[in-house]
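In order of appearance the chains are A, B, C and D, and numbering begins at 1 in each one.
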Amino acid sequence: MNFLSDNAASPCPEVMAALVTAAPAAATGYDGDAISQQLDAAFAVLFGCPCTVLPVSTGTAANALALATMVPPYGAIVCHSQAHIHVDECGAPEFYTGGAKLLTVPGTAGKLTVAGIETALAGHRGDVHQVQIAALSLTQATEAGTVYTPDELAALAGHAKARGWRVHLDGARFANAVVQLGCHPADISWRAGVDVLSFGMIKNGGLLAEALVVFDPALVPGLRLRRKRAGQMPSKGRFQSAQLLAMIRDDVWLRNASLANNAAQSLAAAAGNRLMYPVEANELFLKLRPGEPARLRSAGFGFYDWGAVGSDEARFVIAWDTPPEAIGALAAMLSTGG
Amino acid sequence: MNFLSDNAASPCPEVMAALVTAAPAAATGYDGDAISQQLDAAFAVLFGCPCTVLPVSTGTAANALALATMVPPYGAIVCHSQAHIHVDECGAPEFYTGGAKLLTVPGTAGKLTVAGIETALAGHRGDVHQVQIAALSLTQATEAGTVYTPDELAALAGHAKARGWRVHLDGARFANAVVQLGCHPADISWRAGVDVLSFGMIKNGGLLAEALVVFDPALVPGLRLRRKRAGQMPSKGRFQSAQLLAMIRDDVWLRNASLANNAAQSLAAAAGNRLMYPVEANELFLKLRPGEPARLRSAGFGFYDWGAVGSDEARFVIAWDTPPEAIGALAAMLSTGG
Amino acid sequence: MNFLSDNAASPCPEVMAALVTAAPAAATGYDGDAISQQLDAAFAVLFGCPCTVLPVSTGTAANALALATMVPPYGAIVCHSQAHIHVDECGAPEFYTGGAKLLTVPGTAGKLTVAGIETALAGHRGDVHQVQIAALSLTQATEAGTVYTPDELAALAGHAKARGWRVHLDGARFANAVVQLGCHPADISWRAGVDVLSFGMIKNGGLLAEALVVFDPALVPGLRLRRKRAGQMPSKGRFQSAQLLAMIRDDVWLRNASLANNAAQSLAAAAGNRLMYPVEANELFLKLRPGEPARLRSAGFGFYDWGAVGSDEARFVIAWDTPPEAIGALAAMLSTGG
Amino acid sequence: MNFLSDNAASPCPEVMAALVTAAPAAATGYDGDAISQQLDAAFAVLFGCPCTVLPVSTGTAANALALATMVPPYGAIVCHSQAHIHVDECGAPEFYTGGAKLLTVPGTAGKLTVAGIETALAGHRGDVHQVQIAALSLTQATEAGTVYTPDELAALAGHAKARGWRVHLDGARFANAVVQLGCHPADISWRAGVDVLSFGMIKNGGLLAEALVVFDPALVPGLRLRRKRAGQMPSKGRFQSAQLLAMIRDDVWLRNASLANNAAQSLAAAAGNRLMYPVEANELFLKLRPGEPARLRSAGFGFYDWGAVGSDEARFVIAWDTPPEAIGALAAMLSTGG
């Protein structure tokens, strides 16, 4: 019973079907085919504003391309000290930007605050001897499975904009956040001040494509060229586009995220005071009891230790396709004391 | 009737089926799943030697990652002046290598020769004021639709090795070359001195995955890290691996390439003395007669002008799935004088 | 008798004196001292227009910083195929730009022409699959010891500007060109369309400082940051600034260049029909007679072979401080047949 | 009375004299002249072991070049969170390395400890999703004006070496540390495990040259090429070499550092319990009393505020040439309560 991650889940049927539909030979390659040509309009409807959508093969590529388009090589990106871009992408932002620096800021439960940013950057003078802060990168849902409210996001983005910084949103689990908030996707993207969104599809039932959603048209030309140059512009791009369109058609993305979020809530109820953070998406971070990790593993549950060695802290991730029986079994075990 | 390129062809049925087979959730992400774990062994059988196979999303990524692993930032790559890496990848090799230089060498019919390399590089001193040549990149089949013999490749690779250069093979149409030569794939890869092969699958019936085949194990650790850092290590990597395995199982790759090559031969016969180069793969380069390009387009044939404006030079590419009727129609039109 | 290069000449007395004057401790470091603060105004007078002057330690740094400020990583720089930036800077432009490409154009006697550029770039489509041309880099005096007229320069720069390219001038021997033309320095810099000039001082009697002269203020902020980041902003910057000011005060730079140019003219007269190119600066390129290179070396003259092995082509460079006796001896030997 | 920094001090007479001696034209440029050719042997005597010395124009260039030679683009450098390379070099290490990451570690009084490194890096897994730690960069004397003992340095370097990391020492104030410790320069460089030393000259009486001292010959070839490519290989290199040789001849470097260190000790005595850290080099960090900063500035003393706004923390730096009267005046004022 796999609670290690949502990143190896099955693609949902609609995505698989879309690949079949895209199979016949296209008239042109890259982004010129009829399917890819639908992307911008479809996402504009979804987000309620014009936007440009560029498919890429991974979330790491999405994040790094977005940041490289916003930040000069002598620039800096402000992000949470646990941000995926800092911790888990093997330096992709540094590579794509040509050597920009990530300035990390701590924050409770995976969240940044304006006050936290101000404190962490108090000593940053910003003169010619220092890197120039040029972007704020936020993660929604956060690395701690929590979710910024639209007001929290807007406050952070407003702080950035007032300083001339761009705003990037790493939305590897954007769908889970939208479901949790019950908001319009615009409320936690362009309306809150986000310039470029890495809209995660793969963890939520996709296959081999993520969506870069660009709300500021000024960023598009450079981004297209960087994407090509990075080897992120496949000749059979219609197969990426088809996945993205299948995910947003008929609210498939929201259905999938709801499945995962709801299961997470049932587990949260069972976990009780073991919860380290509120469960607002599809992840639980638990402070297990002594011996509990071993007992859970013996019972067949897979999950990651998360904190310091011996801390008994653990992460459980629920995917859109995690079997209800596995959820029930884990809930039962947690309810009865692990 | 599309002869523009083979890069928007349909995926072959075996590849589509492999995606379906890979659909169920995997135990682990990235390269850890059971399908991805089969790659190295399967390709070792195919090539007759141990190798490491890393899937990537595009040929551009394959080439640039290979070169970055071989060449320091202050290095140089020798390649044909028409090489895809120089002309059509928006500077991807420069990006991935951190700013290495491509030293281009002209050559008839898309081919390099040792003599041509020596002439072009005669003025390159290689002292501390100059970039350091560190790799030779060859293309097989070439950009002119021709094919190096195993002996020609071995001579070029031998020249490189004697100078301490690494050897990269851009095999976007490697399958077409193997079919043309009737040789073992080893004969034009590791046995000829190739260190890393960009083994093209997408043009030949694949979908969203190319294979980097690494014959020198010393290059593997750095390549793995660069691949991750480039955003080329998808979490659902099994869907890339499944495509690659489907292509090489039961000689699907050779069957597909044979379809395209054979059709190209029938067109070559029809084109007669319009041929600019021998037809040795799945591309024809024709010096058309005055007015012929317009007549062909009126008749519904799509193809690219290739030479200088007004030269009436044109490129026709045949894919594995180009309909026989289209082949027949084009052959008929060429036979009767365009 | 050293005719190898002007790059190891002695500094002129005015430069040495300026170092002594700058010796007392300054109130502040970097560019904040009283001497460095004079740079912009002094060069504005010299060039007859506002400009920003940033000292750097080498011509390579000057060129690469200028280009990096003008060209994105996915960009390209058009330059002569013999340009120093392409041939002799170990890939510095690629390093500083983050991997831009140099597109080289051949040209007689070291000079580019608009027609030559158009021919060489005829096949460059400039779509998303290709690097984006963003700058033209010219060399004045050229690598062949020739000099563009103001009209020639303006035509080339105008061609660039009409296409949205920036214009860089590598003026390692800018002084020699100004002397030769008898023009105002503005005539072959900003007035002709140059955005940034690498104003060479070191070969012409300087010591350890070159001047980056920036005519477009929009380029200045990024250039300052790149200069710092490159380790090209010394804390005792006053010693660089002092050298630059000493060179332009009282026309020292013109005096020095005149010494070298005049000597070159006397040698040109002696060389007669051995001259490969017109002598318009302080370099002679000679097609020597069989046996002549050896005879000259036996007689104590140092110079570089320049063309293919066995071609008997040779380069002779005259510095501002080349002893008149050495000039006379070489002229005599050339006059009498080498 | 300037206590802002030692970075705008006057060059010492020996350095100025060396420039004059180097003035006559050299036979060859770059590093080929007779003066530059003395460097390796002279420093080998100084350090008691073979080494290669490469002059560069700034400390930033020295540090960044050293790190780029040690660390791949996907690598990481462990350093103190206040390290100059992280805080004050505008991202030079990221630029030169091609985007490596600096992993910062806090530490009391500017010093790292093995335990501190282990704690800070406890969460660093080092798998393919993360940057690969490849070097430890230490600063001696530290940013807090303290000095590692040879044993402390050896323990840190030993920790690094045991993990396969390279060791870099930022010795912008290396001379002050040697004087303080009364040790052989080898004791806090190669004998302690340092691979490359950025040997600071400029703050200690130099002018426009720092020394990169390379103890591991395997690093030299790459470093030479990176130095050229960075525009850090001046054609009149003899003027950099002459400065370096003048500094180490007759222990000038130790004499200069002693002047500064001794003055710092007399000020430390006057500062009493205002001292935030032990004074072990030429810098004082003081927790001044309320109102004291203003009073000191009124009395004509220049210095930097150092901590949070309103903290009354301040840094005073003494240079080799700080006038004794200024030292005396400051000591008197501090003794009497500021």
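Following the convention adopted for this analysis, a residue touches a chain if its C-beta (ideal position, glycine included) is under 8 Å from a C-beta of that chain, and two chains touch if they have at least 3 such contacts.
This one's a predicted model, so the numbers in the text were calculated from it and none came from an experiment.
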| item | value |
| --- | --- |
| Centroid-based (C-alpha) most distant chain relative to subunit A | C |
| Pair sharing more residue contacts (C-beta pairs) when A-C is set against A-D | A-D |
| Inter-centroid spacing, subunit C versus subunit A (mean Cα positions, whole Å) | 50 |
| Interchain centroid distance [CA atoms averaged], subunit A/subunit D, Å | 42 |
| Multi-partner residues of subunit B (each touching 2 or more other chains) | 30, 73-74, 89-91, 95, 98, 128-129, 225, 228-229, 233 |
| Partner subunit C, residues of subunit D touching it in the complex | 2, 4-5, 7-11, 16, 19-20, 23-30, 33, 56-62, 64-65, 89-92, 95, 202-203, 207-208, 225, 228-236, 238-240, 302, 319, 321 |
| Contact footprint of subunit A on subunit C as seen in their complex | 30, 72-74, 98-99, 128-129, 132, 222, 224-226, 228-229, 233 |
| Complex contacts: residues of subunit D adjacent to subunit A | 73-74, 76, 87-91, 94-95, 97-102, 122-123, 128-131, 308-309 |
